[in-house]
Amino acid sequence: MPTHEHLRPILEYLWIIPLLPLLGSAVNGLLGAKWPNKIVTSVALGSTGLSFACALEAVREFFLYYEANHQAFVKQFFDWIVAGNFRGGFDLQLDQLSVVMMLVVAGVGFLIHIYATGYMAHEGGYYRFFSYLNLFMFFMLILVLAANFALLFVGWEGVGLCSYLLIGFYFLRKSAADAGKKAFIVNRIGDFGFMLGMFLLFRAFGSLDFQTVFAKAATWQPDAMGQFGTLTIACLLLFMGATGKSAQLPLYVWLADAMEGPTPVSALIHAATMVTAGVYVVARSHVLFTLAPTAMYVVAVVGCATAIFAATIGLVQPDIKKVLAYSTVSQLGYMFLACGVGAFGAGIFHLMTHSFFKALLFLAAGSVIHAIGGQQDMWHMGGLAPKIKVTFWCMLFGTIAIAGFAPFAGFFSKDAILFAAYQSENSGKALYGVGLLAAVLTSFYMFRLVWLTFFGEKRYDERHVHVHESPGSMTVPLMILALLSLVGGWFAAPALWGGPNYFADFLAPVFGNAEAAGGEAAHSLELTLSIVAVLAAAVGLIVAWRMYSGRVTRGTSTGLHKILYNKYYVDELYQATIVGPLVWLSRNVFWKVVDVGMIDGSVNGIAQGTEAVGDTVRHTQSGNVRSYAVWVIIGAIVILAIIFWPLWRPAFFVATSGGVR
Amino acid sequence: MNAPLMIFFVLAAVAVFGAVSLILQREPIHSALSLIVVMVALAGLYLLMGAEFVAAVQIIVYGGAIMVLFVFVIMLLNAGEEERTNFSKLATYAGIPLALAVTGFIAAAIARSGGYLPAAAPNGALTSTKTLSMLLFKEFVYPFELTSFLILVAILGAIVLAQREN
Amino acid sequence: MVPTDYYLILSAILFGLGIVAFVFKRNIITLFMAIELMLNAVNLAFVAFSRALGKPDGEVFVLFVIVVAAAEAAVGLGIIILTARNRHSLNVERVDLLKL
């Protein structure tokens, strides 16, 4: 079959897509300190924009390739690790799933880069910010393009690093530095599970390449429900890594603190891309997960529980970014719920739409914060709608999308998830119910945010704060994202709505037609559930309207409100049970006993021992010739003893006559 | 008990007596004289064994040159009774046991295995001077020349040491 | 017939006495004489072995030992004279400048 490489220049050099942001990062990082903002901007935007253009071209070429060959495009570029039977190569892969992820990462990333040029224009360390941001793009693209678990893990770790760097961007602030550390360390706990999962997969399949592993796994017998076979354990370990990276229970605690970073960082890393890496991994490994029903069930339950848990916390948060952070955790829970019930396509669909409206929401929040001069507490906002119209309308679009009102994007994706959950065999109805409740809460807290921020009386001091709309560099990406939040769901709408169902069909080569629901009965069920979902969103909207429009006062925090406000005291719990004992152990055992006592002690002890020996042996050098003579004789005796050893072996004392030979 | 054995015991007793006397005398000159006694006794033992050249050399060189040198130095330095200092505790306490250990070792080794050696008697030919000189100038010519070199060095050393300081 | 062992044991005894003398005497010259005594004991052993084994090599070696002893005595006594003049004493325990 002719391969026509000359027709596919980008695919042959697929590494150019991640490399461009890396170059931008290196140039800005090494040389940008002295440059004016304009040059840094052009380097950063240029590299990211070119990368996005190349990504588009790669998609076009991939379609041609797929028409000809009907398989994923995998290219091995060079051998990175070769050890015994194991080969971890720098191999990049492009299939429909990677196409979606790549376009989301590169496209939304590019828009956020543009926004950041406006948002960070007056901040110190401008070049450093864009260097880190470009570095993040590099690692994230490596993650989604990787063709084996090892390279994926490189990207996985790299985005964790960039997250740490960017959260702690204002490193002179202790809270920011602590938040960066917390994010990295909690991620690390998840990465531990991920690595164990990778080791187990290698041991079971002999390779970490996706093609090899999934092809071999497809021939295995599926584990029964409740059976913890190799596949189940490997999937659970991979999911542990996903919970760390995607902020699910119990490793979600870092995401709220991550809001210490600048808002574009929150939008890009903690909404649209990095936190979706966990979902991507689960979706990529769907072959393994479908053979391990226990793991799938765990994924679904954890996702559902996280969705409701985070939603409850978001109900009462005063900080605008924290509300959005918990909302992200909650929406990620939805994506895992989708994967857990087998609707991987729906999960990825929600991932895509979520990246649109969550990025939009974060960027709009950033615009609000920028407009009001740095204030993030909603109780000090209010009545902003007439002053910052563009921001307001964009925020409203995003809110409607996330609440799930038709025909915005969130409606289709959330609907697909709830429908799949309802149909699932393992406690599907319960999952559906909880998911529906979480949808109500989502709608409620998002509209609460809108009302507190944009309506009602002004709770800020007009004399000190001069509210102004953001510059074009910030509002244009907002409008683009708002448009995507509106239309993003249309081309993927399920057949029910007369939509072309492009998305499921598009991903069918990857996921198989697992979600093909048949028959009219399913259609009417889907319609019913959709209407219920919209009603749920409306309930949330109405309650928020009743509570927060008009005059609002901030009450005191008591009882249930207090528990939710303090995030169920989970951070304090972790501090007391895990962090505190570890710190105590490190200080009193590892530092005092092991490091000072044993390690320093043994090294110092050797020195002291030598000193003591020297001190003792010193006495032989008495200057007295007769003593020296005695030492010589002792030496002579030793030599005699050695020479005459056969003579005075213990046998010597037993046999007497005749001598010893 | 034959004659050679008796002569041996006598000479051996004289040698040991001389050695003990060397230890016990207080004046160095007396120790020197005791040493001469030991050497003469040993020369006698060499004769008993049939090594007459060695016996002669022992008397001439050892007794006649080296010991004379010792006596001259004692006279030169006016070496009198030695003062009774005892700074080394180690030597005092460990001296005799160690000496006994060494002697015991060697003696035990000899006693164990010496029975295999034939008797050291002048059976067969005496070692003639001719035989010795043949050995000395043929197989052992290299050490021989080296020892002459050694004597040269000793002479030079002695001259250097004896120089006055100007 | 004198068995060889007797000569060797006598040699060992003389050697041991030489060691005792070396350890216990304090006059430098007497120390030297103890060394000569040890050398003589060794000579006796050499000659005894030489006769027992029938080879004259041992006696040749004795000649070398005597030559070396002579050279050593010459130089050594020269050094003793100088040292005695420097330290104004013939007591070996007074020569302790290397004391730590």
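Side notes on the structure shown:
Residue numbering begins at 1 within each chain, and the chains themselves are lettered A, B and C in the order written.
To be clear about the criterion, a residue touches a chain if its C-beta (ideal position, glycine included) is under 8 Å from a C-beta of that chain, and two chains touch if they have at least 3 such contacts.
As the structure is a prediction and not an experimental result, all values here were calculated from the model.
Chain-to-chain contact here is organised exhaustively, every possible pair of chains being in touch. Of the two chain pairs examined here, A-B and B-C, the one linked by more C-beta pairs in contact is B-C.
Measuring from the averaged C-alpha position of chain A to that of chain C gives a distance of 88 Å. Averaged Cα coordinates give chain A a centre that lies 93 Å from the centre of chain B.
Separating the centre of chain B from that of chain C, both taken as means of CA atoms, is a distance of 6 Å.
Looking at chain A, residues 622, 624, 626, 629-630, 633 sit in touch with two or more other chains. Shared interface positions of chain C, defined as residues touching 2 or more other chains, are 19, 23-24, 26, 93, 96.
The residues of chain B that reach two or more other chains are 87-88, 91, 95, 98-99, 102, 106, 115, listed in rising order. Within the complex formed with chain B, the residues of chain C that make contact are 1-10, 12-21, 23-27, 29-30, 32-34, 36-37, 40, 43-44, 47-54, 56-57, 59-60, 62-64, 66-75, 77-82, 84, 89-91, 93-94, 96. For chain B in complex with chain A, the residues that touch the partner chain are 87-88, 90-91, 94-95, 98-99, 101-102, 105-106, 108-109, 112-113, 115-116. Of all residues in chain A, only 618, 621-626, 629-630, 633 touch chain C in the complex they form.
Within the complex formed with chain B, the chain A residues making contact are 622, 624, 626-627, 629-630, 633-634, 636-637, 640-641, 644, 647-648, 652, 658-661. Touching chain A in their complex are the following residues of chain C: 19, 22-24, 26, 31, 92-93, 95-100.
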